[in-house]
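In the two assemblies presented below, subunit A is common to both, partnered first by subunit B and then by subunit C.
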Partner chain A sequence: MVSDKHEELVGRGNREGAQLFRDWFGELSHTAETGGQAAYVFVMGSLNEILKTFDLPVVFPEINSLQTAVRRVAHEYLAEAEDYGYSPDICGYVKADFAMLQRGGDHPMGQVPKPSIAVLTNACNTYIKWAEIWERMFEIPVVTIDIPGTREADGQTWSGHVDFDNDRRYVEAQLRELITTCEEVTGKKFDIDKLREVLHHANGISVGWKKVLELNKTRPSLFNALTDGTIFLGVANGFRGTATGSAYFERLVEEMEYKAEHGIGTLTEELYRLIFVGVPCYPIFRRFNEMFTEWGGTFIHSTYLWFASGGTNRGFEYDTARPIESLAEGVLISVRDAMDSMFHQDRVLADMIEGYHVDGIIYHPIKSCRTVSTGLADARRYLSKHHDVPSLFIESDMMDRRVVSEAQMKNRIDAFFEGLASRRQQATIG
Partner chain B sequence: MNNPVFHEWRDKTLDDALTECRDLVEDPGFPTVKRWREQGGKVAGHFQVYFPEELAHAAGMLPVKMRGAPTEPTHADSHFGSYLCSIIKTSLEVAVSGKLELDLFVSHPICDAARNLAAIWGRNFDYPCQILYLPQNPNSAHSVTYLRDEYNRMKRTIEGVVGGEVTDDALRASVAVFNENRRLMRELYDIKRETPWLVSAEDAYALVSIGGMIPREEHNELLSTLLPQIKNRSGRQEDRIRIVFEGAFCEQPPLDLVRMLGRSCYVVDDDFLIGMRWILEDVPIEGDPVFNLAESYIERSSYSPVQHDLRKRKEDMLLNRIKVARAEAVIVAAAKMCEPGLEEQVAYTHTLDETNFPYFVSEFEENMTSFEHLELQVETFLENLLFA
Partner chain C sequence: MSITAGIDVGSTYTKAIILDEKREVLGRDIRPTGFKLTEVSRATYRQALDNAGLTEDDVDYVIATGIGRHQVDFKDIHVTDLTASARGSTLLFPKTLTVLDVGGQTMKASRLDSEAKVRSFRLNDKCAAGTGAFLEKTARYMGFETTEIGPLAATSKEPVPISGVCAVFAESEVINHLSMGTPPSDIMQGSIQSLVERSVQLMKRVKAEPEYTLIGGILRFDTMANAVRKQLDAEVNVPDKDTVQFVAALGAALLGQRRLEKLREEKSTAADVA
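== the complex of A and B ==
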């Protein structure tokens, strides 16, 4: 018999995450309708910590765009942007966002407000080109925050190292400049105690997110990193620095610990534990996952949950006693980690193969995102050369269904699982 | 090094010397770099767009501009997926095929693809493979200080490669060499702009391009010798449209494409290899040379789609380039699969529409070999202007 606690806990993160997401879009629509201010930001270094201190609602154009693909209307937006002159070969997120703004903010989930300010990091170069479009469209302040990343493989430096301290000083100086710009945009005076409060909530999310990801080491895995994980990720980004977000992750950890304790996995009977590398195939989001789960494949981890959370997976905790200095250090370490998850992910994956009992790695490079995709073939070669782990390399897109060939994809996925089954059989025979 | 690495042009007529320059540019075997290495020299390969080459030069290294090559990426192809520009693949190709041996590789986060290169290189080569983080927020009051520190970090890396210190005096001497080099390239572009009938587009391109594969002292000697000869040519102005070519800040069009353009019009300004001409004025010699280089990158520099600066809205910069060059039309190009180039094309063309300025939009690839169709289109475009 299923207990009340089981009923309450299992699946709660998904239910509450979906509701929070709807609420968030509802608030954005309200902001748009009432002409309120909003900040456009990106997932890799949203600087929500500062923006929330000024009560600025945040809009994530990446999330808006992927929602058009999940809701199967992305092609309409892409076509409008391409009619305007944007190439089929550039990022689909940019084009969907551009077309949505051309429509006055009409989005399948509601109304997106116009920006009063845009804040971005250099974690993705397309962020920069994208923000330049807004600069032209809206004549708003565009603040680019340079976050210097890892200079070479295994070359991360830490506090006390001359290079790290140089980078941290630069990030801190830029954050102070951002605060000044926010004061000008909102007409509000910066309140450092409010920043402390926001950082405290952000800490709750960071700690919870790290814990949730680590808990998926459990066998069977507790959540599907590709599907469930994307819901959690949305909350981690949209509600960063809020009491709501912090509470959500506290409850999510509770759910996952309960599931781990009771051996409750996902709906899939776990035969093969997989890691996903890349960006999800949103145009066929559910079907893409099914092509794996039908074979008993579960995604126990995804690099997407690392870089698309801006490196929150590191679990960096801000020191609220020295808020701005610590924020600079945390942003530097976290966003750098997000970049490492894209460029040097082979190092982390190699370490995970044993501990997470990984049976295979699925590389999914996409046309739209060269940041994530350019190095994947080489990283796969490297990993295959040094570690005995099967992998699959399938290319498609996160937005553009013209380059998503479901039948071809299924053929390759089926062949991959046949190989895994044969490998397992041979290992059993010895 | 005692012996010049590029001697083929010496004691030749101007036309023959220019032929040697063009041949060198099109040679995917990097013979000058090989000669440098045979003399015991070390090589710093730096990917497009800009690198403070003075840092490597002062250490006695040969800075080599990695800008792809007219070659098929037969070895490198398996290291990449689809949907990528050619230069990314061919740059790795020349390295993994052994045509270009390096002691240091540096790339920059200029675009989403290129920022992966240091990691890719690092998985395939044992020498240091790094990213140099040039600021994308030059509008921060702290950006120059940051860049000075970043250059100092790179200087330490270079010192590790050569096994010796790079002194301020050595760096100042290198800055002086490069100042002279930039002055000579400005002189060449003055010729292109003021008397374009004296130097063909392809020759001008080759004269700049070889600077990225030979020591700058040699490049200075070559330009100092040939530029006066070019000025003394007895060419005659023809009735051709003056155009600006925009879109070659990273991947380079094949020389045949530049040659084709030169047959149809005067290319009076462009962004070919803009990184070599990035700094527009002399870098100050006095004071901290590293700081001076950093400040010059931010305060005395050109523009490109991959460098963000709120003071330099790209379409305004293009309009200014057109105005200064007294151009009558612009070719708004982009390398295939080049995200920043393709995105900037939209801003450029809409601005040109608003100002009612003639333009021709095109994509190119460094490996393209057929130009007939493109030539026909360009000629039609230009004839429409000539006989409108």
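== the complex of A and C ==
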């Protein structure tokens, strides 16, 4: 018999996450209808901490765009942007966002407000051109935070190292400029105590997110990193720096710990534990996952949950006693990690193989995004050379159903699992 | 009497039209292009002349068009098939302002001005899923001849979506649908609708305005024109089935007549001055 506690806890993160998402879009619609101010930001370094201090609602165009694909209307937006003159080869997120703005912010989940400011980092080269489109369309200030990346593979430096300290000061100076711009845009004076409060809530999310990801070492896995993970990720981004977001992750950890304690997994029979590398295939989001679960395969981790959370997975905790300095340090470490998750993720994946009991790695390069796709072939070769872990390379897109071939994908996935099954059989025979 | 010839060396078929100064078609021929473009253009030309009861000496001007136009070694000049199709379409339907040409390997939408000149145009993307070749391949894969495409699609009850932009991907979708027991008629109609969606998108990009004229081999099938009518929610002109593949060749031959008229005018002006 299922207990009340079981009923309450199992699946709570998904239910509450979906509700928070609806609430968030509801607030954005309200902002749009009342002509309120909003900030446009990106998942890799949203600077939500500063924007929330100024009570600026945040709009994530990447999330808006992927939602059009999940809701199976992305092709309409893409066609409109291409009618305007955008090439089919340009990032689908950019095109869907552009078309949505051309429609006056009309989105399947509500109304998206116009921006008063755009904030971005250099984590993705397309961010810079994308923001320039808004700059022209809306004549708004665009603040680009230049985050120094890792100089070489495995070459990260930390506090106390001259390079790191220089980098931190460089980021801090840019954050102070952002604060000044926010003051000008909102007409509000910066309140450092409010920033401390926001940082405190952001810490709750970072700690919770890291813990949730680590808990999936459990067998059977507690959540599917591709499907459930994307819901958690949305909350981590949209509610960063809020009490609501912090409480959500506290409750999510509680749910995962309960599931771990009671051996409640995502599949009836978990046969293969997989890591997903890249950006999900949103045009056939559910079906993509089913092609793996039909074989008893589940995604126990995903690099998407690293870079698309802006490196929050590292669990960096801000020191609220020295807020701006610590924020600069956290942004530097987290965004640097997000960038590394796209290019140097092979070392981290290698370290996870044993601890997470990984049976295979699925690489999913996409047509729309060269930033996340370019390094995948090299990363795969590195892993194959140094570790005996099977991997699969399947290509499609995050937005454009015209380049998603379900039949071809399924054929490769089936062959991959046949290989995994045969490998396991041979290992059993010895 | 001035006689001109228009030779359209398309990726799939080569067409020739022999035209007189009254815009009467005296002869024509069509045959698969193959891979020897110079030879096929010459053979098509000669057959069209034979059909007209004429010889090469009777022809005053030859204009080549189509993707293989540079290989026509007996041409006087060559023009793009966009220009030729614009002229051919307005000869058949004088109020044409938008032309959609769905050929074997390319799909083209052109917006014309009131003098049948191309004001703007758009071609399909790099891959062939939006072209006639894809429809033919789909039909062949399912065991049907090209001529059966129209009748097959006409029996469709529930067309299935074919969204692939790449012909190979789209073919995989077809195979997938077949393996799931989808009737070939629904797959065929789904492929046509996919083609039509792409066509209409191209037309929008040139800011299409009526009258719309549809040309190219695929328009031999009524189902294609009907689907475009439905998507545009407007009437469209379609040349009769015998002519629909010859519009670019016709336009080239017509341009030849115009060229001769201009040359005559220039000669007459020069004589007056002298």
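Operating definition for what follows: the second predicted complex is superposed on the first by the 428 of 430 C-alpha atoms of A that agree within 3 Å, B and C clash if a C-alpha of one lies under 4 Å from a C-alpha of the other, contacts with A are read in each partner's own complex, and residues count from 1 in each chain.
Basically, a residue touches a chain if its C-beta (ideal position, glycine included) is under 8 Å from a C-beta of that chain, and two chains touch if they have at least 3 such contacts.
The shown structure was predicted, so the numbers you read here are calculated from the model rather than taken from an experiment.
Enquirer: Do subunit B and subunit C fit side by side on subunit A in the superposed arrangement, or is it a clash?
Expert: With subunit A as the common anchor, subunit B and subunit C both fit in the superposed model.
Enquirer: Is A:Arg136 touching anything from subunit B or subunit C once the two structures are fitted on A? First, second, both or neither.
Expert: The answer is first: A:Arg136 touches subunit B but not subunit C.
Enquirer: In the superposed model, does subunit B or subunit C contact more residues of subunit A?
Expert: Tallying touched residues of subunit A, the top partner is B.
Enquirer: Which partner does A:Gly265 reach: the first (subunit B), the second (subunit C), both, or neither?
Expert: neither
Enquirer: Go through the superposed model and pick first if A:Gly360 touches only subunit B, second if only subunit C, both, or neither.
Expert: neither
Enquirer: Answer with first, second, both or neither: which of subunit B and subunit C does A:Pro280 touch in the superposed model?
Expert: neither
Enquirer: Put down the vertex angle at subunit A formed with subunit B and subunit C, C-alpha centres only, nearest 10°.
Expert: 60
Enquirer: Give one of first, second, both or neither to describe whether A:Glu82 is in contact with subunit B, with subunit C, with both, or with none.
Expert: In the superposition, A:Glu82 contacts subunit C only.
Enquirer: Is A:Arg169 touching the first partner subunit B, the second partner subunit C, both, or neither of them?
Expert: first
Enquirer: What is the contact status of A:Ala407 with respect to subunit B (first) and subunit C (second): first, second, both, or neither?
Expert: The second partner, subunit C, only.
Enquirer: Quick one: minimum Cα-Cα distance, subunit B versus subunit C, in the superposed arrangement, integer Å.
Expert: Subunit B and subunit C, overlaid via chain A, are at closest 9 Å apart by C-alpha.
Enquirer: Show which residues of subunit A both subunit B and subunit C reach, each in its own complex.
Expert: Common interface on subunit A, subunit B vs subunit C: 85.
Enquirer: Quick one: which bits of subunit B touch subunit A in the complex? Just the residue numbers, please.
Expert: 78-84, 88, 109-113, 115-116, 118-120, 122-124, 128-133, 135-137, 139-143, 145-146, 149-150, 153, 305-306, 308, 310, 313-314, 334, 336-337, 339-340, 342-347, 349-350
Enquirer: Using the touch rule from the top, collect the residues of subunit C that touch subunit A in their complex.
Expert: 125, 163-166, 169, 172-173, 175-176, 201, 204-205
Enquirer: Sort out for me which residues of subunit A touch subunit B in the complex.
Expert: For this pair, the touching residues of subunit A are 84-87, 89-91, 94, 122, 124-126, 128-129, 132-133, 135-136, 142-146, 148-153, 155, 163, 166-167, 169-170, 173-174, 177, 342-344, 346, 365, 367, 369-371, 373-379, 381-382, 393, 395.
Enquirer: Would you tell me which residues of subunit A are touching subunit C in their complex?
Expert: 75, 79, 82-83, 85, 88, 400-408, 410
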